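Take a look at the structures listed below.
Shared chain: chain A. Partners: chain B in the first complex, chain C in the second.
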Partner chain A sequence: MINHYVPTSLNDALKYLSTHDCYIMSGGTDLMVQKHVSSLVLPRFDKDVLYVGELKELQYIKEDKDGNILIGAETKYADLLLSPIVPEIYKTVIKEIASPNIRNMATMVGNIGNASPAGDSLVPLILNDAEVVLKSVNGERVLKVSEYILGVKKTARKNDEIIVEIRLLKQNLRYLYRKVGARKAESITKVSCLVGYQIKEKKLIDFRVAFGSVGVTIIRNLEIENKYKNIEVKDLDVDRVISDYYQLVTPIDDQRSNKEYRHKVAMNLLRKFLLELKGGIDE
Partner chain B sequence: MLPNYKTSVKKVDNEDKMSGLAIFTGDIQMDGALFALPVRSTISYGKIKEIHVPTLPEGYYFISAKDIVKENVCNIIVSDWPVFADKETHYKGETMGLIIGPDKDVCIDLVNKTYADYEEYEPVYEMKNSYVHKEFKKGDPSLFNGAAKVYSEEFETGYQEQIYLETQAMLMYLDGDKITVKASMQCPFYIHKAICRTLGCKEDKVRVIQPAVGGAFGGKEHYPSLMAAQLATAIVKIKKPLFMCFDRHEDITFTTKRHPSKTNISAYLDKNNEIIGLKIHVGIDGGAYIGCSMVVLSRALIACTNTYTFANLEVSGDAYCTNKVPSAAYRGFGSPQSIFAIEMFMKHLAGFLRVDALEFRNKYLVKTGDITCTSGVFRDPIILKPLMDKAMEMSDYKRKREEYSKPGSLRGIGISTFLHGCGFTGSGESTIINAQLKIKKDKNGIVTFYTSQVDFGQGNRTTLKRIVVDTLGIPEDHVIYDAPDTDKTLSTGPTAASRTIIIVGGLCAKAAQHLKEIWVDGEEQEIVEPYVGPSYIKWDEDTMQGDAYPGYAWGVNIVEVEVDPVTYELSILGTWSTYDVGHAIDERILVGQADGGLAQALGWAYLENEVAENGVFKQTKMSDYVIPTSLDMPHMETAFIDNPFPYGAFGAKGAGELTFVGGAPALADALEQAIGKKVNKIPATPEFIMELMNDED
Partner chain C sequence: MKINFKLNGSNVTVDVVPSKRLLDVLREDLHLTGTKEGCGEGECGACTVLVDNRPINSCIAPIANIANKEVITIEGFRETKAYRVIADAFADMGGSQCGFCTPGMILATYAVLRDNPHPTEEEARIALSGNLCRCTGYQAIVNAVLKASEKGIKL
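Let's look at the complex of A and B:
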């Protein structure tokens, strides 16, 4: 017998979690699809379900004194799009996720909790060193999203923990982003690329690259990024950067695309963005 | 006097469909209805040794070939598809039986626990074993021996899934001892016939009623007959209402699709580079059972020279048996495949001869009075040139074609010309279908008429009614025209083959005209009007000789595209179309056909990718098998040029399929200009465009 629990408060949810091994459901836009059996039949869950989607205390978007944006876990994508304080890069990414009706239900924390290699919001979250706050009856801990996601559908969450907040740390970056799906709306990503950078006095003082859908999780490599920090922008060797990432990008063949295409387009996007970055120094 | 088609009327089903009040099959609640779920084979080809069914709880049933009342055949054109796979299974997913019971959850578990022992045979997935072969000649193909040059190419097209909004669904119940069916369908009388045939029962023991239907595109022409034969076998035993409705992944995985094709064309040229004639072979992948594939092949062959006239032809084709889900009807019915091939071929041949492609194609364009490829005659006025001129003017074609010819423009504009034969092939309308229309009037002057035409969104409930209203010249609310019910209507044939307006519309106009002529106020009057085709149409299906269709509709598509050199994605920037559908009866409804048909064709050409691996489709969800969204389609401009057809209602011809057949070659032509490579295969997905662009030949 599967139970479905709707907590009245976060504390109530934490108490339930401390004694139950269960699914945590927010918008349900992914879980309900995963567990779908057939029309007119209830989805089949193999564990109890804790439905936290309506917890008002986890629905907020605020700014702390350091300029970081704190997002309550149960905030819907649609609310993030409407917020004046959510950084533009996140809105750019969210606008291309699913459809308006899905975005009215889905949450960013769901995208993190899922740990799918094709999770679009993971790309800016990981590139921007965003953090998640995990809570249990025993306390609280903070992990970077990149530390939280361990692999395909694998995360660092302990059974009694729940993500209560996403922290978008203040960044001073400019971005170049492109999602490639099968069509212009409502598509699952075949490959995506995000470049974040900061240029000061013609010097590249920050440089970051992330790829989505071309590996077991979002691809980002600090070692490579550090090599290109604090160099003159004109000295940025596009071919060298590409060769650095060439082996790191390890896509697969599936029903949506093939590995040759994904790899080639990942490299093409990186080249395009690097050239734009170099071309933009005189702005 | 022709009605003014610019004034469109509100579709009769608009409000119900927009508000959600319309009742589709799945909306019908019937007390005590049992769910029927297919038990499917799990191998592509082999002997079914034994089916193991778990112990069934009280009130649950397993129905299989053992329960067949009379014949284990599904009545389709070639009835080789069994109602239930019995001794052998010929494709993975073939229905071996039904688990039936009151709780769908329990049924699902029972289906999962039912399995068969097999002796596996070697399956065939490639097009190599022909089960239908057709061939015909025109002129004297022996002249090919004297050719100075021969130019040959091969073309391929892929599967296409209908993605009707409403999946396959059927409710069957007993009304007294009468088997009554409500289903998502195109052809009520096909279902009626399929039930009578498998049960061996009398026609008056079966009634088929059409509820609201959410799209069909050919996918509900034959498959519902199979579902009906299965449920009918069950209802005879169980005597309770039965409901079968497919989930989307099930519908995509196991129901019929457009035939993939491989077409080979050779042109034989004389020393002046004039075409002596063509040799054309069209191969289509029919899947495990023939069903309607022989007619799809016929249509493909009849359309193989499209809008061109050649003096000498050697045409042949094969439908191949493969151990995959049978292919069947889909808007265009074989002609889009061969029209894609011939349009691209003519263009490539012009390139080979280093002459302008458009001028070269125009040289061979058909004219009124020309002999068709099957040695019939194009009798009615052909207005291809005005259609082309208008489309080119609307799209600014010449300037764009010139501008995009610069290397590296990554833009292209392409053009196709095409035709579509309306109605059943040859004299089939008079010899096979024999439509009869019943129209009656009561004492108060209220007129009721019946057809077996299903309105699955294309608008014929509105248009056919309008034909009768306009002919009689009485107020709209004095005419009653409801959805088909086989107890009330005579058969006016299937809702297929672009025949609804040209054939049934013509019949409606004629019947209404007769009623008008004998009209007496205050009296009940009834007329049964039989279809009478043009007497000059003579056709021999065995030799494929004669007039293939009662009439032809014509069109021109122009498509402009842009290719992203970074992601190889193709964007459609605009489409411009002109059509000769005779006389347009309701322009807004026609624009719906034009936009929808072209969007569907373009989806087939560049987006919709359905690949079978080991006999199983890889894309089985709408997130993986993607069709165009409104964002993927540009502004589409359409114009109609009037060219009334004497046998259609108010001069109307067919339009449903015409709007599909030219999209792919126009898009591929544009893509070729954008990337400077030949496109011999569709869908031209970004993955394929990448291969083409990086191919340094």
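Let's look at the complex of A and C:
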């Protein structure tokens, strides 16, 4: 027998989780679609469901003393877009997720929990080393989003844990981002690319690259990034960077696109951004 | 489980499984069939309703997430002045043909104009990007939004 539990507080939810293996329902925009059967038929769940999407104590956006932005897990995309303290790069990415209606329902924690390589918010989260705070009756732990997501639909969540907060660590980066989908609005990503960088006295003091939808998870490689840190921007060899990422980007064929197209677009976006980065140095 | 919410201004209580879709609660339990089901997967906006004054897709909203909220469907929205302005603009500009997308389009139009009373054509298109229409080709709908914006939806 499948139980559905609507907790009245986070503590109530944690207690339930400590004794039940369940689906955690936030906005439901992934789960309700995945479990949908047809009109007038209940969605088909194969284990208990815990509804935390409307827990007010998990809906907040605040800044800590170090300038990090702390987001209560159940904050909707629409509220992130309205907040003056959420960094612009996240807003740029969120504006291109789904449609206004979906953004009024869905959460970033759901995007993380769904662990899809096409999860758009994962790209800036991983590029910026964002963290999630996991809670259970036994305590709390903090993981980077890149450590939380283990593969397609696989996460590091233990059965008794729930993400309660997302931490956007303060960064001083400039960004170049592009999402490519079938149309301008409301489309699942075929390829996305985000470059983050910081230039000081003509030197590239920070350099990061992330790709979405072209591997089992978001692609980011610290070894490659470190190779190009602290070099003069004019010495950045675009072809060499591209050849470094060439093998790493491993898209698949699916109903939305094919691997050759995805690979080509990923490399073209990277080239365009690297040229922009180099061109912008004299500004 | 008993779930309370406000529907078109009145308090209602339904006794249903918490995973039941708001759309099915409205159409089956409460017999309000103005809200339509198109795709059933969040992509077309035919099932748009307002929850706490924001448009959402009721086909993927579990009723558990609606507890203690305020829902307005096209039946409730009909009683407002804003409805009159928007519905007239749709009629004038040919923004409705078969009418299946229209309840959702009208509520989405209301939400657009409330947040941005004078949208550009491009802004109107982006704001309605989650509402699909198989008949009009969209131009007539965008024209209707712009026309309603000219008249202004007094709230």
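Convention: the second predicted complex is superposed on the first by the 283 of 283 C-alpha atoms of A that agree within 3 Å, B and C clash if a C-alpha of one lies under 4 Å from a C-alpha of the other, contacts with A are read in each partner's own complex, and residues count from 1 in each chain.
The rule is simple: a residue touches a chain if its C-beta (ideal position, glycine included) is under 8 Å from a C-beta of that chain, and two chains touch if they have at least 3 such contacts.
If you're wondering where the values come from, they're calculated on a predicted model, not measured in any experiment.
Engineer: Answer with first, second, both or neither: which of chain B and chain C does A:Pro100 touch in the superposed model?
Structural biologist: So A:Pro100 only meets chain C here.
Engineer: Report for A:Gly72: first if it touches chain B alone, second if chain C alone, otherwise both or neither.
Structural biologist: neither
Engineer: With both complexes overlaid on chain A, does A:Met25 touch chain B (first), chain C (second), both or neither?
Structural biologist: Second partner only, chain C.
Engineer: Now for A:Pro43: first (chain B), second (chain C), both, or neither, which partner does it touch?
Structural biologist: second
Engineer: Kindly classify A:Gly110 by the partners it touches after superposition: chain B alone (first), chain C alone (second), both, or neither?
Structural biologist: neither
Engineer: Is A:Gly196 touching the first partner chain B, the second partner chain C, both, or neither of them?
Structural biologist: neither
Engineer: If you stack the two complexes on chain A, which partner ends up touching A:Tyr51: first (chain B), second (chain C), both, or neither?
Structural biologist: A:Tyr51 contacts chain C only, not chain B.
Engineer: Examine A:His4 and indicate which partner it touches, taking first as chain B and second as chain C; both and neither are also allowed.
Structural biologist: The second partner, chain C, only.
Engineer: Which residues of chain A are in contact with chain B in one complex and with chain C in the other?
Structural biologist: Residues common to the chain A contacts of chain C and of chain B are 38-40, 42, 184-186, listed in rising order.
Engineer: Can you list the chain A residues touching chain C in their complex?
Structural biologist: Residue list for chain A touching chain C: 4, 6, 25, 27-29, 32-33, 35-36, 38-40, 42-43, 45, 49, 51, 53-54, 78, 98-102, 104-105, 184-186.
Engineer: Which chain C residues qualify as touching chain A in the complex?
Structural biologist: Those residues of chain C that touch chain A are 1, 17-21, 24, 27-28, 37, 40-43, 45, 48, 51, 54-57, 60-62, 64-65, 67, 69, 108, 111, 126-127, 129-131.
Engineer: Flag every residue of chain B that touches chain A in the complex, lowest number first.
Structural biologist: Residues 26, 35, 104-105, 108, 245, 247, 565-569, 607, 611, 618-619, 623-624, 626, 628-632, 686-687, 690, 694.
Engineer: Residue numbers of chain A touching chain B in their complex, please.
Structural biologist: 37-42, 178, 180, 182-188, 255-258, 260-261, 264-265, 268-269, 272
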